[in-house]
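First chain written, first letter: the chains are A, B, C and D, and each begins at residue 1.
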Amino acid sequence: MSHHPKGKLRTDLNPSRLLTFKIDDRDVSAREDESILEVARQNGIAIPTLCHLDGLSERGACRLCIVEVRGVAKLLPSCVTFPRQDMEVITNSERVVNYRKKILELLFTERNHVCSVCVSNGHCELQNLSVELGVTHVRYNYLYPEHAVDASHSRFSVDHNRCVLCLRCVRVCDEIEGAHTWDIMGRGITSKVITDLNQPWGTAETCTGCGKCVQVCPTGALSEKGKSVAEMIKRRQFLPYLQMMRGRQEESWQK
Amino acid sequence: MTLNIEDLHQIAKIEQDTQQGFQHRINVCVAAGCLSCGSGVVKDALAREVGKRGLDNWCQVKGVGCLGLCTAGPLIALEVGGRFYQGVKVADVADIVEALGASPVDRLLYPDDSAFFQRQLRIVTENCGRIDPERIEEYIAESGYEGLYLALTQMTRQEVLGQVTESGLRGRGGAGFPTGLKWTTVAKTVDSTKFVICNADEGDPGAFMDRSVLESDPHRVIEGMAVAGYATGASQGFIYVRAEYPLAVKRVRMALSQAERMGILGNNIFNTNFSFNIKVRLGAGAFVCGEETALIASIEGRMGRPRPRPPFPAEYGLWEHPTLINNVETFANIPPIIRHGGKWFAGIGTEKSKGTKVFALAGKIVNTGLIEVPMGMPLREIVYEIGGGIPEGKRFKAVQTGGPSGGCIPQQFLDMPVDYDSLMQVGSIMGSGGMIVMDESSCMVDVAKFFMEFCMSESCGKCAPCRVGTRQIYDILCKITAGGATTEDLATLEDLCDLVKHTSLCGLGQSAPNPVLTTLNYFRDEYLAHIHDKKCLAGACKTAKEVS
Amino acid sequence: MAKIGLATTWLDGCSGCHMSFLDLDEGLIALADKVEIVYGPLVDYKTFPEHADVTLVEGAVSSEADKKNILNIRARSGVLVSFGDCAVTANVPGMRNRYPVEAVLQRGYVENAEPPLAGSGEAAFQVVPQLCPHARPVHEFVHVDVFLPGCPPPPEAIFYLLQELLAGRIPDMRGRTRFGA
Amino acid sequence: MKEESATPERKSASAKQPPEDHRLRMVNRTMQLYRNQSHALIETLHAVQESFGYLEEGVLKHVAGTLRVPLSRVYAVATFYHSFTLKPPGEHTCVICMGTACYIGGSGAILGDIKEKVGIGSGETTPDGKVSLLVARCLGSCGLAPAGVFDGEVAGKLSPDNVIDKIGRWR
């Protein structure tokens, strides 16, 4: 049984049908309901991701996992694109790699990511992606938005300066914990993750204090209190297991 | 209550007889445009004047939908004689009534030979400005619901699909997807629950076609939706309409209850086993909800954030059921297609763009308003003949079509036929039909900035390229208009446009750079003047010189 | 073979990157044969030379003086290296960018002054270099040839960078250092 | 049914016990119409906005509870859509259209004048609580550009002077 949820997006795909296609000129086989990303990873082909996390529903939003498919003009997010027989997927063309770098650079400009003083320095997915994609500097202007730190919760804190709006916290809280304390307010560049009615986290009555959001956060936006620079190491091995055990995707609020 | 064709004809007959009973009929435009110039009071005053003179049985005064020429409002039409009075005030009322049957009131007369009314071909708007949108009987008198009757009683679903496909009708909401194909896809799905959604979330700034159609002839859209429901196997429809259009909302709701009362909506329509209901859902001010999947999310009560497609709504839509989404104008084309046949429709327009298109003409143009022309009409004819050219003797600079997803078309393409493919070729799109004319006093960089500000604040924020990229592009455009940019900034601008266009999740992001790209393409000198000479060629960006 | 002229300088930084440079330890000896330090805080030259083959710039561009300096440095440098996170991303100096300059000065020189400053602090503000509204990365002002992120960049990365430059290659720093390293 | 007293204290107290508030009747009716299904959220928020003038926090909690929608989702929806406001509006509302035609026609200058002479920007209310200014994306009255809405009445062919004049009459 697969640990990777499809969300509700593709129940039309038949898990018992097998097909073969090509990733980067390699022949691979897959079930019809396995995303290109899953198949690539099973075959040791690395595709960078940020909003994707095994055990949570897919959003297809960070656009880092885009790939080219021969004969298709558009670039497709591999996390929510499903293979077809004889499809030819290219994961590492120069075009795609350059776009990924630029998207990552945009993410760095969006908030105030000061790695050197961050609790997650050295254990951060955004930081790791910059190494993986070879981003040594950012070509766009930093936006320097004003964002606060909310340390009202007794055990955790949220630093919006480090948030990349991947919404893993929103999804894990909804899909796994079942509390839906987190959501995202506003829209566009002014979007922000919130707890309950945009109130201090510590006062959010629906929060169970389970800390799953903290563990799935890719950056230092969510952290345990008392951690100093570079001390926040996330552990999220529990996630695919809980996802399988609880399997409440069907009732998800988050789509 | 269920109707049959005799009943329909009976209603139509009674209505026509009543109309014929009047020697004179005065139609007062009561669409939002004229209403805001006071056409409501003019209409009341006219009715009072007619009553005062005891002419109630001789002259009818009625409120009608959009007459099209919004710039000349309040506008009234004399149906006998075919004259138009423009800019009518309450003080003119006595003269107008006095002049009935005699020579018209010259000072109010709109020139008879005006191309504005002559050159148009009205299909979608055939009833606009002629019938009272608040009375179903008047719609029926104009062959209304006959198409639905034909479809339900004399055509199989396949035949309806065939006619729509044969008509060559393409979606009027923006991308121009073949309507027949979309319908067929939904019809082919096996789900027992399917939905039909009318997208009336007309969000393009500068477009008001859909609003006008809903305000002027709401039943036409309802009929189109019901036909779609029959053809695709759906029994529930939704009209998703902007809350910013209160009058359209009111008239649609009124029309729905009238149709329900007559049994044209509901169970066993026209004594067939087809049942169809329509509900209204209000948009709440989010342009992105024009995107299909976002619109669906909004009807489901969530934030209007698009999701990646496929799966497409045709297979996987509202509450996971197959869903057909067309816009107002598309549905409004359906009743005449059913009545006259797909072949008739396919005979109008160009090879790949069939039928007519309604445009909202606005900006620096003499005749602002709503027009409907056959596809393929040259841009020049629209701007200079129907539109009356540029006011104040200024020079034409560009036409912006397609709203924030479209582009600016410069002078050299004025003789281009207006259809889906030609517009695409010059980097713009048909969009929903907004057409904003700009003259020499409009700065194209400023225009690009305006649209980018729009896209930036309408971006839903889901995907990173659109969320951050539009902001970055906007910042650079601000820098350019303020005279503080360098050539490197211009390169970054182009690089960002390319990124946002190719990596964004939905159509909003993918097309957001279009206004910048087309202006860069056709008006690069204006960008360069801001950058090198710190000068705005149009004189619109006043701060350019001061900042260095 | 003639030695190459190496200049190092700092703008708005903490000198930590220079400390990391000193941490090259015996590497410094290896470099000494091939490199002449023509300018920098580690040596006693007062003005930037007419030409430096390689210049390492530490720190963000924060003040009007920094702006002037970096243009001058760029004009006189062969290969310009953005040396460390402050130069590459504005890093810690950039953390003030969310606040108006006046508020930053007030906080730094009046509210947090020890012992407490008499008066409004105007006098103190006079001697502080005139700050720009934002501290910004070097490459937003001048062309940068090589980016060496890190807070500070590890000595190995600095050594590799210089080795490559000495060999006449523009180094690829990917995988050798990162933001915040 | 209990008679409602309209003192301000009473109103704010009743917001804490929502079912008591007469303004809630329309809200509750809307929710009942949709059998309290969660997808009625947006329609319900429209109803709240209409009867309260804005989305009051206590009412949002009531709506969340009745429709069984998470609090954070209610807030998310309320802030995603521009039609909703979380702040009480002024006594009078002036909406200026910033659609393309209106922008080309000079609505930017009108906003500039309002900012300068009345001192409020988009989404702001004068300190005396008299006038709120809103910016609309497109009123669909492009033929009348620049257009605006003054206390629900659409007005076209605006100029900075006649807008300032209209606002002036409210104060």
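The working rule: contacts are C-beta pairs under 8 Å (C-beta built on N, C-alpha and C of every residue); 3 or more make two chains touch, one makes a residue touch a chain.
Values in this document were obtained by computation on a predicted structure and should not be read as measured data.
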{"item": "Mutual neighbours - chains that touch subunit B and subunit C alike", "value": "A"}
{"item": "Pair exhibiting more inter-chain C-beta contacts, A-C or A-D", "value": "A-C"}
{"item": "Subunit A-subunit D separation of Cα centroids, rounded to whole Å", "value": "35"}
{"item": "Chain centre separation in whole Å, for subunit B relative to subunit A (CA means)", "value": "39"}
{"item": "For subunit C paired with subunit D, centre-to-centre distance based on mean C-alpha positions, whole Å", "value": "52"}
{"item": "Residues within subunit A bordering two or more other chains", "value": "139, 141, 184, 186-187"}
{"item": "Subunit C: positions in contact with at least two other chains", "value": "none"}
{"item": "Where subunit D touches two or more other chains at once, by residue number", "value": "69, 73, 76, 80"}
{"item": "Pairwise chain contacts, counting only pairs that touch as defined", "value": "A-B, A-C, A-D, B-D"}
{"item": "Contact footprint of subunit D on subunit B as seen in their complex", "value": "32-33, 35-37, 69-71, 73, 202-208, 211-212, 243-245, 281-287, 298-304, 360, 362-364, 368-370, 400, 403, 434, 436, 438, 442, 447, 450-451, 454, 458, 460"}
{"item": "In the complex with subunit A, residue positions of subunit D that touch it", "value": "57, 60-61, 69-76, 79-80"}
{"item": "Contact set on subunit A toward subunit C in their complex", "value": "108, 112-118, 121-122, 127, 130-131, 134, 136-139, 141-142, 144-147"}
{"item": "Complex interface listing, subunit A residues touching subunit D", "value": "174, 179-187, 194-198, 206, 253"}
{"item": "Subunit C residues within the subunit A interface of the complex", "value": "82, 85, 88-92, 94-95, 97-98, 134, 136-137, 139-140, 144, 147-149, 151, 172-175, 178-180"}
